[in-house]
Every structure is written in structure tokens, then in C-alpha cells.
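Naming follows writing order (A, B, C and D), and every chain is counted from residue 1.
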Amino acid sequence: MKKFMNEAGSLAADSLDGFVGAHDDLVAFGQDRKHVRRRVLSPGKVAIIAGGGAGHEPMHVGFIGKGMLDAACTGHVFTSPTPDQILGAIRETDNGAGVLLIVKNYDGDLMNFEMAAEMAVSDGGHRIETLIVNDDIAVERTARGTGRRGVAGTLVVEKIVGAAAEAGLDLFSLKAVGESAIAATRTMGVALKGATVPQTTRETFVLGETEMEVGVGIHGEPGRSRQDIADAATIASLICRQILDDLEPAQGQRILLFVNGLGATPPSELYLMFGLARRFFEAHGLVVCRKLVGTYATSLDMAGMSITVTLLDDASLGLWDAPVHSAALHW
Amino acid sequence: MKKFMNEAGSLAADSLDGFVGAHDDLVAFGQDRKHVRRRVLSPGKVAIIAGGGAGHEPMHVGFIGKGMLDAACTGHVFTSPTPDQILGAIRETDNGAGVLLIVKNYDGDLMNFEMAAEMAVSDGGHRIETLIVNDDIAVERTARGTGRRGVAGTLVVEKIVGAAAEAGLDLFSLKAVGESAIAATRTMGVALKGATVPQTTRETFVLGETEMEVGVGIHGEPGRSRQDIADAATIASLICRQILDDLEPAQGQRILLFVNGLGATPPSELYLMFGLARRFFEAHGLVVCRKLVGTYATSLDMAGMSITVTLLDDASLGLWDAPVHSAALHW
Amino acid sequence: MPVLVRIGPVIAACCADIARHADRLNRLDGAIGDGDHGTNMQRGCEALLAESQRLEALPLAQSLAEAGRILVMTIGGAAGPLYGTLLMELGRAMSETSGTDDFPTAFAHAVNAVARRGKSGTGDKTLLDVLFPLSDLLAADNKFETTPAKVAALAEMTVAMRARRGRASFLGERSIGHMDPGAASCALLVAAVCREINGGRRA
Amino acid sequence: MPVLVRIGPVIAACCADIARHADRLNRLDGAIGDGDHGTNMQRGCEALLAESQRLEALPLAQSLAEAGRILVMTIGGAAGPLYGTLLMELGRAMSETSGTDDFPTAFAHAVNAVARRGKSGTGDKTLLDVLFPLSDLLAADNKFETTPAKVAALAEMTVAMRARRGRASFLGERSIGHMDPGAASCALLVAAVCREINGGRRA
């Protein structure tokens, strides 16, 4: 395992230090460096807070800024932040309009955010709502189970909700906007190389020279199945087909198409995959009216990518297009 | 070698197709898809054209847009574009004010751009000037030789010259602005893993588990020396020290600090390196007043990063800050 | 019995055993999760060790609750809230009752709180597949002698289960055939605690 | 002699030899460059092959010039302008002179044009370290019989050189000890051309 790092234990903190230093016009550390927040908060607005383990950079800290998040809490690598971190972010950003927590569906994140919310409500009298993003269709839906993971589609939810919050929506309405965005969003990913967790210097899964892992999340956990590697067009159809089957969109439906790099896949390959996915969905009668290609929700140094589709209507289109001024998304 | 691609021969073209599809609000293909250009040109402005081999994405096509490039020509992987591509770009973007070509110093690029310029002058009566970027201090300066390579610092030159062109400077003045930017810019890179050229399915150089390649360019060619891998702080000092020695900046000098990923190094590690580099230069009395961290000038799937420093004065600072509206840089 | 135990040596024993097995726990977690369970537990145990003196000065119930809070604030991930809740609720329940006879009741209360926090139950392939049966054993005889061997067997039984909670649940069928890392760490910790309670003898 | 040669079979021979050695050329280029010289040359040769019939219909001088233009527009990189200039200028010089006696003069003119394009000379560890001596040989005897073996030796001589042009120059000292890929392809192509001129016999 080769990484640019000093020691495994400080990778997350060192990286965050570099991030805040690089974007100190937009963001600042919260108390004791336990979270990162906007340098200047918008008054009277519902605070939007997200968070999760480290190793997904630029998610979520890269989305802090006008039009998106107010604060983000980063844990250790692939480890949910602790309740005190989240509580600190709530205290520093809630200016009376309440707080909306955006959490990726996974037990660790849920429990830590839930504990923080309980403390914030009982000790601080904060009003808190939570959105749980579960866009990853690689996970089978079962009668009893955790349900689907939250992965790259979280970016879309954060952008849409962030824009709505900036527009002045109240906590209750924001939760509804977020739930619609979640319902309209699906993601699936493929890895060509596993992630190397710095502490263990081991890949979480090791693929053979001709294998790929289909249906991976963003924590280095194995995916749904291991398959022979295929050409890009085959991989694109495989993923797009499943998204299509799961979403069952109407002909002529407008979509946002988002191709996300998992960390070690270069822009040239991401654009190549985007081109194939775009053609696929257009051939199936959808209108690809918004596009995003880049490395936004990573799994450390995993080689791979995911494809996310969000069904758009006039409202969500407007919220997607609304100005955003964060380190990673800017328009 | 694992890549998201259909066949090696079409990787560059397929990727470009995806890129143009993803950013068709900003860019369009030129004739016969031989170059990519702004969808809408600014009238009366000197045209700025860059180019080089494929495999460096998002450079240069990602920099096409208001405030930066008018067109970019992409060759095959790591192969300069051919003169007809460049000539086509000149013809489609020159609206009388002349054309400034920005070329990374390397014989292949120089010769192809030179042949194109000769044709454009003799056959088309275009006025052409050329800027040659040579920011890579890893290459020793020798009495006789090609001189230093052009690498990630090319982004800085393109941004500054692009802003000046948008402001209405004439061809002659633009060349002077560009030459100052080049004189003020230095880069050095380190790789942890070589690049895999798709046609040969071979890494251009293979590093052992505990080796790193110091002083790499962006074409997968070997660097200045192979060394034992070190921790991030050591690597950062190694590079920053050489940049400092080469630039010999005055105390209190303002600088732009740019940490660039070579393709397979994730944002978390780039930010970590940025933090270390920033502290280094600040400790040496420089003022890091502008910052850029991201994957902008790649070497296919090479794992590694480069550090670029540009000395800033009021003029170049203003040009750096001027609005830019391209796929990869946007403010 | 537990009220007679000094918490410092128990923490030290847990910390040592987790450190010794951290790599194995990471590896178990790598197979069906993200490969960090050993590292997470180690971080939590080290935080307890650092506060060991302060914890020893507190009444046992309060000291357990405080230890739980420390785990919650240092482990993160899934394990943090779960182990943290176990100790916090155990402490809370013990401070409301008194005497060792009520320990099984307090423990049962704490395990139920963990299940509520995790929205999980038996058979979900988690640390609860150790904790619930352990709670039943305690209720039956309120002894710590026999448990270490039994909990190891309990952890072993998670191998055949299909995960319905935690990261492993995302793998569906593929989660079968691997021991749950949380169950493994739980068995390990219970063994360490029992050993200390029984005077440092290995069971 | 050259005027008597049909260009189609020469192209076919070059194309076949480059294809056969493409991997070796890539590997040579990988050691001190970017590993694509074989692929680049193959792309150029295939473009010539595709236009072979059209080229054969032209007078030799014109056909060489046109072949050079095709190489420039398809190879790219350093090799495109260099090999392209060689043929374009050879064709131009031949159309201005006449008869085989002037071929060495035309060839020398073309090689000088390549050197101007590359701002390079002998000893820079490039294809010019084959082309310049070859030009001298032709000037001395205007024969193609003896050259193949000699050009192979010339390419071999680049191993000891330190590159001062092309990508390899960026490596400084590290460029020593490897054969220049351009010199290697040049030796190969000269050998193929000579073989065809001498009636398909391998020299």
C-alpha cells in the first residue's frame, strides 16, 4: 500500500487540515476541529448538516458553502463521526430555524446521528429532522434488513436540499423536498481495484487481473458480485439497465446523469463512461438534461466509478441549477 | 491493466466524445471532431489555443470557456495532435485578432504546432504567436538540450493568459503576459505508480512496493530518480525545497500554490499534501494567497501528484481571480 | 460479584486482548465490511485506558456509564454507539438497583437498549448474537465462570448467519460463511472480563 | 535506382516490419520515453497502406511527398513531423532534380530538413543518428546493398549516448544505456526499403 500520508492514524485529520487551509475563504473548523462549517452562515435559514467517515473526500466537506451544506462532520477513515462532533455542528449552525441532518443509510451513521439528535433535542431544545439517503440499488431490498446504502446520490440530495434551504424553506418543507429527491435518485457502482484502508495496509477486497466487483459501496466493502472484467460499453449497459429497471421512468422523462469516480479512476475514463451512459439513456427515451462528471464521493483509492440518475421535474431542476458556492461544486 | 475502455485505439476519442457530451453548454466539436472549441466565441478577442496528447484530462479541453481557452486539440494518448488538427482550430477561432498557441515544451508538441503555424501563416494569412511552457524543475537545465518540460503549471499560464485575452489585450501584449507567467511558475511531481499506456497494457515504469519515482512528467516517462518511499511530510519538503531553491522568491512574496493529482491519487491525499506544502512555504516566509487543489493535469492512471508555485504580483493576481467559466475551472 | 471488581484491571485486560486480536478483527471485518473493526475497538479501549484512573475513582455504576460515554465519543462507526449504549445503560440500570443479584436484570436492560439503538435482534449476525444469549445465561445462574467458552461458540454461530444489520447486510447472500466481527470482539471482551472477575485465571 | 521501384510493395514491407517490431519499439520507448513509438509508427504505416494504390499512381517524387504528408497528419508526436518531413522534403527535392544520380543529394537535403525541424544534430540520440551517417554512405557510393547491416549498427550506437532531444532528454543521465526507439525504427525501415529495392532479398 502506497499513500501520501504521515501516519495512518492521522490521515483523516491531516487531510482535513489541508482542505480547510485550501478553502479558508469558504470554510472554517468548528470548535476543537470536530467539524467544518461555513465561514459565514446565512441568517434565518435552516441549517443543513451532513457527515460520515473520512475517505470519501471531497464529500461532504467539499459541499459546504452557500447553496449547499452549513457544516459537515468527518469521522475516522470509513468510520461515522461521533455524536459530540455532530452535536457541536448543530450548536454552531442552528440559528433558530432548526437543523436538517443528511445521513447516508448505514447503521453506524444512523446511530451516531440519532444519538446526537437526541442530545440536541433534550439538552439544547434544537429542532432536528433527519433525511436518510439510500440510493444504492446494488443492495437487494429485503423484508427485514438495513435497506439500501447511501452513496454518491447523496451529493444530489445535498445540492437540492441546500438550494431549497437557501431559498428560505422551513424545516418541514425541506424534509419533504429531500425525501422527493431521495425517491428520485438511484446509483450503482463498479470497482476495478479495492480500497486500501490505511490502518491495515490491506485492500478490503483483492481482485484478480481479469475481475471486477459489481455493486460496490463507498466503504471498500465487497459488492454484490464478482465478475469477469468487460469492456466499457458492457459495464455501462449493465449498470444503466439496472438503474432503468429500478426507476421505471416514463418516456421523455428528464434526468440528471452523474458519473462519479471512486478515487483512483482518472477523468478520461469517467468521461468515457459518461458518454456511454448518456447514449444508453437517450436510446431508452430519456432526456439527459443535466450532467455531472467527476470525483466527488470516493472510497479512498478505489479504482472504479458509479452512475447516478435523478429524475427531474421543474422544481428539482430549478434547485439543481440554483447557485452553489462550495469547494467541490460551484456554479 | 484495467481500464474503463472499449478498445485501446479509441480511448482518446471515446473519452472526448463523453467530455463534449457532458459539457455541451460550453463546448462543441470543431470540424471532423479534430478539435474542441467554445460553443460561442467572444468577438474581437485574440484566440487562445492549447493542445497536446490525450491522457492528461481534464487538461486542456476542460479549460475551454470564457476567460480561458478558445479551443484545444487532443492527439492520441501521450501523442501530440497533428498539424491539421491545430490548423482547423486556428481557422475556426481566429476572428482577425490573431492566435496565441500555448504549447508544453516537448519536441513533439513543438514540431506539430510549428508546422501548423507555418501553414496558417503561409496559406491563411493568420497572425500566430506561440508560448512555450517549461515549468518542470525536475529536468536539469543543460547547455544543449530540449530544456524543461511543460507540466501542470500550464494550467496557470492558460488561466492568466485567458483572462488577459478576455480583457482585450492584443496578441503582442498577451505573449508578454504569458512569458511573465511562465517565468514565475515552477512544478515538480512524484509518482507512486506508473501510468499504463492502453495500447501496450504495460506500465511505462514499474515501481517496487517501497519505491517512488521523483521528478516525473505527465507522459509516463521515468522521472529524475527512483527513491525509497517516504512519509508525506518528507515528500512535501523534498519538492517544496527544490521549488524554493529554483525560484528564489523574496520574503513576503505572494504565491499561488497548486497541488495537482496525476490521475489515481484521491482528493484526500492531495489535500493532505497541500496542507504540508502550505505550511512549508509559509514557514519560509511566503504568503500563500491563492490555492488550487485537484486533478487537473493527469498522466492517465498514474498515482502521484505535483506541486506548482507561481509568484504573483497585482497584475497576475487580478488575472487569476478574473472569472472563468470552463468545465474544469469555474469561478 | 461485579460490584467487587476493580474496573482498572478489567480495562487493561480488555485493551490488551483487543490489541492482540485487532488484526484478526480487521480481517473479519474486511471480509464482509470495511476492515476497521479492530482499529475502531482499539481506539475505544485506548481511550478508556487513558481515563482508567479517573474511572476507578467513581462508583462502579457511574464508572460504567462514563466508560460507555467515552466509547461513544471515541469509537464512532457502528461499534461506538452499540458498545457505548451497553455500558451507559448498564451503569444507569445498576445505579437504579443495588446488589449483585440484580446484575442479570441490569444487563438484560442494557442489551435491550443496544437492540433498540441498532434496531436489531437475535439472528441478525451482530454482537447481539453474543449479548442476548449471554444475558439469558446470566439470568439463569448469575455466574461468570462458564461463559467464556460459551461466548466463543456463540460468535462461531454467526458464521452461518445471513447479515440483516450493519454493513454486512449490504452483501446479502455473500455475508454467509464469515464470522461477524462485532460478535467476535464481543466474545473476546466477555472472555477478558470473566477472566479478570475470576482472578486473572484464563477460562 | 529508387525511381525504378514501385512504392506499394515498399509500403507493405515497411508496414509488415513495423507491425512485427511494434512491441519492441514500444518497449524501447517505455524505457526512456512514453512507450508508444511502435504504436505511433504502426498508425502511420497503416495510413500509408490504406492509400497505397493512390500513392502508386503518382510519380515517385510526388508520391513520396504525399506519403510524408500522410505521416504528418496521422502519426502525431515527435515521429510524425520528423518522418513526414523526411519524405515530404525528399519528394520535393527529387521533383526538382532528376535521375538517380541526384538521389544522395536529395536525401541529404531531406535529412537536413529533418534536423532543422527537430532542432537537432548527430549525437543527440535520435533517428538522426541513423539518418546522417546513412546520408553520408549514400553520398559515397549511392548504393542500397550494404546499408541494412550498417544502419542496425548505427541504431546500436545510440545506446551509449545521452539524449539531448525528445522525451528521453528529460531523463538526463538516465537516458544512457538504452537504444533510442526512433533510431531503432529508422534502422528497421531502411532495412525494409533496401530489401525491397534489392528485389525482396533479406540483406
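Here is the rule we go by: contacts are C-beta pairs under 8 Å (C-beta built on N, C-alpha and C of every residue); 3 or more make two chains touch, one makes a residue touch a chain.
Since the model is a prediction, treat every value here as computed from it, not as a measurement.
Colleague: Counting in whole Å, what is the centre-to-centre distance of chain A and chain B, each centre being its mean C-alpha position?
Modeller: 29
Colleague: Measuring centre to centre with CA averages, how many angstrom lie between chain B and chain C?
Modeller: 54
Colleague: Centroid from C-alpha atoms only, then distance chain C to chain D, rounded to Å. What do you get?
Modeller: 74
Colleague: Please work out the Cα centroid separation of chain A and chain C, and write it as a whole number of Å.
Modeller: 31
Colleague: On chain D, where are the residues touching two or more other chains?
Modeller: Residues: none.
Colleague: Can you list every residue of chain B that touches 2 or more other chains, as numbers and ranges?
Modeller: Not one residue in chain B touches at least two other chains.
Colleague: Draw the chains as dots and join the ones that touch; what shape do you get: line, ring, star, complete or other?
Modeller: line
Colleague: Going by the touch rule stated at the top, which chains touch which?
Modeller: Touching chain pairs, listed by label, are A-B, A-C, B-D.
Colleague: Please name which positions on chain B make contact with chain A in the complex.
Modeller: Checking each residue of chain B against chain A gives 2-7, 11-12, 14-19, 21-23, 54-55, 57-58, 62, 192-193, 209, 212, 229, 231-233, 235, 263-276, 278, 291-293, 295, 298, 300-301, 303, 305, 330-331.
Colleague: List the residues on chain B that touch chain D in their complex, please.
Modeller: 53, 75-84, 106-108, 111-112, 114-115, 136, 138-140, 142, 144-146, 148-149, 197, 199-200, 202, 204-205, 217, 219-222, 224-225
Colleague: Which stretch or stretches of chain D touch chain B in the complex?
Modeller: Touch list, chain D to chain B: 23, 26-27, 30-36, 38-40, 43, 72-82, 117-119, 164-172, 174.
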